[in-house]
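Below you'll find the structure, written out as structure tokens, and then a few comments.
Order of writing sets the labels: A, B, C, D, E and F. Residues in every chain begin at 1.
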Amino acid sequence: MQWHSVGEFFAMGGYALYVWGSFGACALLMVAEPFLARRRLIEVRRSLIRERLADELESQQRTR
Amino acid sequence: MGDHGGIEDCIRVSQSIVQWFRFASPQSFYPLAGRMVPWFWAAAAIFGIAGLWMSFFVAPTDAQQGEGYRIIFVHVPASWMSMFIYLVMAFWAGLGLALNTRVSSMMAQALAPTGALMAALSLWTGALWGKPMWGAWWVWDARLTSELILFFLYLGFMALQAAIDDPRRADKAGAILALVGVVNIPIIYFSVKWWNTLHQGSSVNLAKSSMATTMLWGMLLMALAFWMYSIAVALMRVRAIILERERHTEWVKHAVA
Amino acid sequence: MNPFLATVRRDVLLAMRRKSEVLTAVFFFVIVTSLFPLGIGPEPVLLKKIAPGILWVAALLATLLGLPRLFAADHGDGTLEQMVLSPSPLGLLVAGKILAHWLLCGLPLVLLAPVLGLQFDLDASALGVLTLALLLGTPLLSLIGAIGAALTLGVRGGGVLLALLVLPLYIPALIFGAGAVEAHIAGLDVGGHLSLLAAMLVLAAFFAPWATTAGLRIALE
Amino acid sequence: MNPFLATVRRDVLLAMRRKSEVLTAVFFFVIVTSLFPLGIGPEPVLLKKIAPGILWVAALLATLLGLPRLFAADHGDGTLEQMVLSPSPLGLLVAGKILAHWLLCGLPLVLLAPVLGLQFDLDASALGVLTLALLLGTPLLSLIGAIGAALTLGVRGGGVLLALLVLPLYIPALIFGAGAVEAHIAGLDVGGHLSLLAAMLVLAAFFAPWATTAGLRIALE
Amino acid sequence: MLNVSGLACSRGERRLFADVGFSLSPGEWLHVQGENGSGKTSLMRLLVGLSPADAGSILWRDEPTPSAEFRRDLIYLGHHAAVKEDLTPLENLRLAAALDGIALDERAALAALIRLGLRGREELPVRVLSAGQKRRVLLARLLTRPAILWVLDEAFNALDVAAVKLLGDLIAEHLANRGMAVLTSHQPLPVPGGKTLTL
Amino acid sequence: MLNVSGLACSRGERRLFADVGFSLSPGEWLHVQGENGSGKTSLMRLLVGLSPADAGSILWRDEPTPSAEFRRDLIYLGHHAAVKEDLTPLENLRLAAALDGIALDERAALAALIRLGLRGREELPVRVLSAGQKRRVLLARLLTRPAILWVLDEAFNALDVAAVKLLGDLIAEHLANRGMAVLTSHQPLPVPGGKTLTL
């Protein structure tokens, strides 16, 4: 292994900004994207459930 | 014997076609996708961890570029995926246009943002690599330019689909655009390449002659991780799209119980 | 009369009725090419160097500017519906419209380019190559542009979305077109560039009317 | 609500409804700036030299592209008639529309220009001057453009005629705007350029809404 | 209140009408009749001040038009839909009011739309509405903007039977409140009384 | 000749109609009725093949539409004017015929325009014509293009009394020549007989 200390690892031989900028951007976007996709799914589900509730309420009122 | 095998083959093929159409219905694809997603996440995580280990702790320091070269482990996979996803997206879109299978159009729609993301990452990491290596964030090199155009093609596809309300119409229009784009990508690639080399010798050239095998492995593992990630996230997105579009059908009402 | 020719005639007639239309497309080309020396400064060597690029980009933008109107007017007043329902094949009518667009927006640029090239001090043979490249390139621009125009028809954000879709596809034409002139100035052979342009033109002539027709049918649904 | 603010809000809302509209104006700017290197060739020194000119011309064309729609939509569906007949002063409504146009077409360009400048390898202080010049220049472009849009409203050959009318008026903005950046790169003082831009902006802010209003009334007659 | 005299209008080389005059007092309305192309729309546009007359005078409250006061007192609905296709009926109505400098709360706007039979369409973009529904969105403005003089050009076009009756009732109500109206139509109008002007 | 069955159409989340069916033989016509927004225009567009139906079949001469033959036999005039504002009525008529691949000489075109009461307007750009005159230019196509099935959406809109009668006569003539027609209108139609379909 070529790293002698944690500091050296993070310094990346002077290329810290570039290397961590790249890996960081990848990490950020690749965490954000699934998160957004998941939220989209949850939101559709939630609105579907809401709609069902509204249907039920309406039919209750009608039978009453 | 040969005859017999032929018939069996026919049956198998037709069965798989039937199977394929079964999964081509949103109703059966939705749960299938749901079951596949965790597996792809797991694979992405495993390959990703292994790849990161290789890229930071196994692969040696590059003689010319020092530690800066390690950007390669995200840059190349992102670049590859951005190109590959476009092909897959156009394939699904074209299938949807030709056979009117709804799921394939939805798949194309789900892939586009991931492809755009990969193109953006390729541009971003490339720019961050270029500054220390060439001293400029951006040069009008053939590869860079065609990647930029690819990014625009993704954006165009997404903008067109977003601009059309009726999903059926959006699918068809998007499919035509994606197919036209596929015809154009090789043309663009070669034109840009030729354009660039006509002017100046490639002052822009990475010494990639003797890549250490550990480097190569790191890159391949990372590429696999990116691949698995793309599939997983596209499947997640296609599930949302299926629910959005099919929200008035009975099965969706039951599925979300 | 043949429906194809009838469409060409109709569109040309319509453009002539709005007299200024043809002239102003040309003026746009002229003005854009004249803007750059103003923005960049008056160094002759520099200007000569960038002349092919600027002339091509200007031609490309001038073509682009006319594209949204290619189908929009017919769509807005219901004529397009009538064309779809007409007994004549839609592909023929669409091809006629594309040809008319080139006659009105492309051809004048081809004819004018040599004059504008003089402004940048290009010599006669370079002007010849420029004109030839534009002659091959501008129909290509019209053909590709028609696909974009059909796909964005009646869509929110039309005109600019069209630019977004079409410009990336224009890039090969731009590179080979401007490249031909630059290569000629640098003393290289231009046959390769021009035959590639011609090949792309043939390819587009086959596929673009088809894709455009499909796009129009979708737009009307 | 104040009719001025109501107009701004309405136009922004309309643009947002057509989601892609705002984004694509910006994309157009991005794509046009990227086209020039493709036409001209990839030499960094040359590109850096012509960068300010190219960015300014692109900003100008991007603004121009949105102009025909400034009043055309309201004219086509009769809303403009209603605005003329409205109890609120027409000048106020027009000023609101111009401000909305700048917010949608001008401001995003100002914000984006530094990023695009990077593509041409401009340094940080040059990018600062570029941004400042655009911040002063783009409202000027919107104000002048509005006059042209009003005058060409409903006129045959509209869009391109508009370009023809407006581009000559844009030239001072282009010269001083691009000139400021070039002067800065050449190590000269840029105060003069910028204050001239500011002076033109103030002048236009006073007169343009008035002239636009008059143009609109004529167009509706 | 409205006094028109000696009005003349020509288009191209054709004199459409000359010496047209009439006057309206509160509670009165005028039916402008004539064949296609006889100049009804042209007259309306002169009346509201959108185009200048060749001759003649138009006085509102004894002052020449177009004055700011006249514009405040006037609603003109023409052949055009004058609604934004991308906005919903509700947004259209509220923004039109805001442009006129009038405060219109959601409740009042909704009530107007519902009165015009657009229940359930408040949130759709106008683009997808039917021809008649688009006209109704425009007509809702009659309820949300107080004005004394209504100038309606072919307002009954594209409306179904129920909507024609509704609009007739609205006009009658308006007249009963000392309003005035100038209407054109090729169909018989469901409003009683009224002067007639034939071009 | 025209057999429609089981037609269904929905827009957005709203089902406009389902299971609509009718058939027309030569000499028959159908009046599609319904309130604003009930789906008349949508039905017409399905019928001529401009938009796809959710379900159902449309047969013309026992073959599914849209076929080339169907397009040859069909004239559809919709809400839109479908005339070029910059051209004269005469040019409009002749170019429309040329696009359809039909030879139309000046004499025949002029005769059609005159029959529609556009005498004296043949050489004006359509832009300056009145609303009713524009409709008449469009309607002149009924005379210049031979077709068996006329699909007219609100064709009586904006027409004055004389023109309404004229169009009624044209339709009656067409039916007498073994033609067919599908019409919508909110006014009573001046054509005798006819089936009715209420949406």
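Here is the rule we use: contacts are C-beta pairs under 8 Å (C-beta built on N, C-alpha and C of every residue); 3 or more make two chains touch, one makes a residue touch a chain.
In this text the structure is predicted, and so the values were computed from the model without any measurement.
The minimal number of chain-to-chain contact steps leading from chain C to chain E is 2. Both copies, chain E and chain F, contribute mostly matching positions to the interface they share, with over half of the numbers common to the two. Using mean Cα coordinates as chain centres, the one most removed from chain B is E.
In terms of C-beta pairs in contact, the better-connected of the chain pairs B-D and A-B is A-B. Rounded to whole angstrom units, the spacing between the C-alpha centres of chain D and chain F is 45. Taking each chain's centre as the mean of its C-alpha atoms, chain A lies 19 Å from chain B.
Rounded to a whole number, the gap between the C-alpha centres of chain B and chain C is 32 angstrom. One finds 29 Å separating the Cα centroids of chain E and chain F. Looking at chain F, residues 79, 86 sit in touch with two or more other chains.
Multi-chain contact residues of chain C, defined as those touching 2 or more other chains: 17-18, 156-157, 161, 164, 167-168, 171, 175, 182, 221. Within chain B, residues 152, 155, 159, 163, 192, 195 each touch two or more of the remaining chains.
All chain pairs that count as touching, in label order, are A-B, B-C, B-D, C-D, C-F, D-E, E-F.
Taken in their complex, chain B has these residues touching chain C: 149, 152-153, 155-156, 159-160, 163-164, 166, 168-169, 172-173, 176-177, 179-181, 183-184, 187-188, 191-192, 194-195, 198. Looking at the complex, you find that chain C touches chain B at residues 144, 147, 151-152, 155-157, 161, 164-165, 167-169, 171-172, 175-176, 179, 182-183, 188, 196, 200, 203, 207, 211, 214-215, 218-219, 221.
Chain D contributes residues 17-21, 24-25, 27-28, 31-32, 35-36, 38-41, 46, 49-50, 52-54, 56-57, 60-61, 65-66, 69, 155-157, 159-161, 163-164, 167-168, 171, 174-175, 178, 182 to its touches with chain C in the complex. Those residues of chain D that touch chain B in the shared complex are 18-20, 23-24, 27, 31, 34, 37-38, 41-44, 47, 118-121. Taken together, the chain D residues at the contact with chain E in this complex read 1-3, 6-7, 9-10, 13-14, 17-18, 73, 77-79, 81-88, 93, 220-221.
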